[in-house]
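My structure is below; once you've seen it, I'll send some questions.
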Amino acid sequence: MATEQPTALDLPMVDPLPAPTRKYFDVCTDKLGMVPNVLQAYAFDIDKLNTFTAMYNDLMLGDSNLTKLEREMIAVVVSAVNRCFYCLTAHGAAVRDLSGDPVLGETLVMNYRVARLEPRVRAMLDFAVKLTEACETIEEKDREDLRAHGFSDRDIWDIASVAGFFNMTNRVASASDMRPNDDYHAQAR
Amino acid sequence: MATEQPTALDLPMVDPLPAPTRKYFDVCTDKLGMVPNVLQAYAFDIDKLNTFTAMYNDLMLGDSNLTKLEREMIAVVVSAVNRCFYCLTAHGAAVRDLSGDPVLGETLVMNYRVARLEPRVRAMLDFAVKLTEACETIEEKDREDLRAHGFSDRDIWDIASVAGFFNMTNRVASASDMRPNDDYHAQAR
Amino acid sequence: MATEQPTALDLPMVDPLPAPTRKYFDVCTDKLGMVPNVLQAYAFDIDKLNTFTAMYNDLMLGDSNLTKLEREMIAVVVSAVNRCFYCLTAHGAAVRDLSGDPVLGETLVMNYRVARLEPRVRAMLDFAVKLTEACETIEEKDREDLRAHGFSDRDIWDIASVAGFFNMTNRVASASDMRPNDDYHAQAR
Amino acid sequence: MATEQPTALDLPMVDPLPAPTRKYFDVCTDKLGMVPNVLQAYAFDIDKLNTFTAMYNDLMLGDSNLTKLEREMIAVVVSAVNRCFYCLTAHGAAVRDLSGDPVLGETLVMNYRVARLEPRVRAMLDFAVKLTEACETIEEKDREDLRAHGFSDRDIWDIASVAGFFNMTNRVASASDMRPNDDYHAQAR
Amino acid sequence: MATEQPTALDLPMVDPLPAPTRKYFDVCTDKLGMVPNVLQAYAFDIDKLNTFTAMYNDLMLGDSNLTKLEREMIAVVVSAVNRCFYCLTAHGAAVRDLSGDPVLGETLVMNYRVARLEPRVRAMLDFAVKLTEACETIEEKDREDLRAHGFSDRDIWDIASVAGFFNMTNRVASASDMRPNDDYHAQAR
Amino acid sequence: MATEQPTALDLPMVDPLPAPTRKYFDVCTDKLGMVPNVLQAYAFDIDKLNTFTAMYNDLMLGDSNLTKLEREMIAVVVSAVNRCFYCLTAHGAAVRDLSGDPVLGETLVMNYRVARLEPRVRAMLDFAVKLTEACETIEEKDREDLRAHGFSDRDIWDIASVAGFFNMTNRVASASDMRPNDDYHAQAR
């Protein structure tokens, strides 16, 4: 576990961590080879850590018609609008890994408009980007465009929720200068 | 309880609601005179409702050096940037109510820069607005400005978390055309 | 009459006011229950007050195919783009009052795009907003869109004139920190 | 007098013009060598023409500590932000003429920031431009900056009123595709 | 040759100039009546001057289906977006001269959208402006629009190269406060 | 050499390439392991290729007080503003390679403001970004800021020229949908 602070804020982890948190962090280390810094950052307050991980796990890993890759693609294009170093690094790596296409991950970080995407995925990302840049301009026509690409109303909720979630985390990360674990950078290149 | 859908998405509430949800909604009705539409909107999926309310309650009602009014003020100025009808309505009412100052609530909805605020509160709202409009430009200097107004690192985390949270909910509300309960409009005028 | 200055500029009203101005202010008090602060602000120079009221009365109360409510709706959406506290307060109250629909007034202040409007009114407000945000991009196509909704060339002039007028007053109000009379806030809720 | 319409709107002049208007237009022809198209455009309705000219003449030709050239400079920098062809042409010519410095007129049309201006004038134009681009951000500090350059509160009102007025006329001109008289282009080069 | 520095940077011309440069400057004086200040500005380093003039001459004077006037029109609309005093002055004069239409030159400087242009030229300028304002949003559809107006792929390259070139020179000119020769202002009025 | 077209424009390379071009491409293959697609894209016209490479080589490889790494850093931050996939890919790789710091390259692509940079380098990049985003606002104060960090007037010219150059190439690349060689992506990770 990093001895460096994961953010510019002096908010040390609860010490000792409660047993369930310790166990959760051990699972992360086993599966990912690291405890993502965002979890270490939230661990100054176990309630906040738990509400964050509950929402994250529901949105990114729970039941949805959106594939895990699609949800990660939304995470990256939202974070690209907001130029969030933490989220672009962590979720750019996830796109490279889940897609098996390192260039796709890079393209979404740099400019998703030049990626070669099927129209359905492009429509999904356009909605996520519009929602990020100018949510006050979303109207029924935007929802109709998604429906025309085969998305259900539940899918629209999920797209909006994932896009919304990263608009939150991008800001928590930027406000606190959260730093991604260095290991992400070389992953799945 | 409204029979109208709270959003433009066809996502009916689980029926029947599980007992704990029913009880939670009854508490809302007792205390607020209504079940806020956002809760009804999320109630198509009880897990999503629960992760949302857990995070909301931790941020807006949990322990913090920020007063409840200060957190509601952040909610309003963030939602004003994003021009979110739902959140401006619901949290504008909360500011009017908690402050006992109806004009303050209106001013924050319209243009917080012309409100007569103490410098500490103004600095807090400036940070929330900058984080909303241009989070990629936040730097150590911005955190130093907050510290100079007496905010601790924990306070900065809380300001960022509340501002981030409303950047999420503004987008979920806009994407789904979420409608506030009509009762809010006349409250605390 | 307020003893407080209506703006941040030290420009006291002519004292004594000339008889016609006094009479005009008495009419305001009779009909509105107040002398709007904008009139008090201009009353440091009776010529300026008179040219302002002449133009205001011609545009907002004179002959036009646009109803008085429609003109007030334009006033509000323009002032919402410019986040003008004075004009949003005074003309938001007018929309609530003239429409008998308090929620409509609130919605136009917050985000007119989510208001339930007939297409003709929406086209009128879209034109006013585009003219406010990016007048350099108005082209014949924009005028054709209005004509297709049944507006005559005279109507287009009137829409443009009202939108233009509030782009002026929003700036005079912002530049001088003009404060609306408190009475507006609770009106027609 | 032009036989061409001065705008893209089919709003012919009252015919015959009332005697005072005819006389006013004759004065224009004598002094300027033309009837400015803006006056012809408004002449479909004599009341509107009269309220416009009354306000114009008060602001641009009436008593003020601002020189006529300074008022024209404000007109040009506001119109440059809004890229208004009519007002840049007519008032650009006025700046060239009143200043005796053709390059100054061109510079204000293109980018006032590169003009060699005394700090007092620059502060005045910066205020006018900020008021045009982002009036919602004007605060007491902006007024203090003007006062520090020797402007009185009355001067601030005048700067704001002229800047506001051209924010109105720029929009009426853009909305109607108003065309300046060709004669302006070659004047005072 | 001007004794004043052509920019705000203290970078005097190589002295004496090498013979080929001297000859090139003499040709300029013969043909244009001046040595454009941009050439004097680059002449502190003859290699830089030569790579600049080689690219300039290839793009603006070399073989292309675009006429010289069309290339100058692109130069002006790009420079208008960037508000570049040097390039608007020099290339505005070129448009006035090559077109024999002084008003056209003025219109492109002020707001090309109100110029009366054939659709093919308008499409070309729209592409150049979009490329200048938001190049990250250019997609195949934008190229298809140009092809639909009869432009070949080579023409698209040329439009992009000229637009790109002035996006470069606008920035070199702004960064160095480059001043156009005064003679341009009165030309071809 | 790629058989695929390097851009979306149908502009095949001159065939056969002239001997000097062939030799230049062979040098690229020897030193870089590839012929960068930008060179292949320009090779439909050897004069254009030569003026491009002459300027590129002068700016990026010629004499300057700026190190090659510093020039590549400018290339990346400019291209990040413009979200240019080609230039971010190629010059991001160059920063990773020249700095020996893969995270630095990633950070500049994503958000240079969070990179840990010495103040002199940060000032250089801030100038390049301001010049890219809003060149019309550059004034003497901006040049003074660079001088205060030890940059000479010649250095300012070089910073502006490199920033200007990538504002050009970003637009040529975006307009033509130029694709970087795939090899860049995995380099120096």
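A, B, C, D, E and F label the chains in the order they appear, each numbered from 1.
As a working rule, contacts are C-beta pairs under 8 Å (C-beta built on N, C-alpha and C of every residue); 3 or more make two chains touch, one makes a residue touch a chain.
Given the structure is predicted, the values throughout are model-derived calculations rather than measurements.
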Determine the set of chains touching subunit D that also touch subunit F.
B, E
Using C-alpha centres only, name the chain that sits farthest from subunit B.
E
Rounded Å distance, subunit A centre to subunit F centre (Cα mean):
30
Using Cα averages as centroids, what's the distance between subunit B and subunit D in whole Å?
44
Could you please state the distance in Å, as a whole number, between where the Cα atoms of subunit A are centred and where those of subunit B are centred?
22
Multi-partner residues of subunit D (each touching 2 or more other chains)
83-84, 111, 136, 177
Chain-level touch network, classified as line, ring, star, complete or other
other
For each chain, which other chains does it touch, given as pairs?
A-B, A-C, A-E, A-F, B-C, B-D, B-F, C-D, C-E, D-E, D-F, E-F
Touching residues (chain side subunit C, partner subunit A) in the complex:
111, 113
Within their complex, subunit F touches subunit D through residues 136-137, 139
Subunit C contact footprint on subunit D (complex, rising order)
8-11, 44, 47-48, 50-52, 54-55, 58, 62, 82-84, 127, 131-132, 135-136, 138, 140, 143, 153-154, 156-157, 159-161, 163-165, 167-172, 174-177
Subunit F - residues contacting subunit A, complex
83-85, 88-89, 102-103, 106-107, 109-111, 114, 177, 182, 185-186, 189
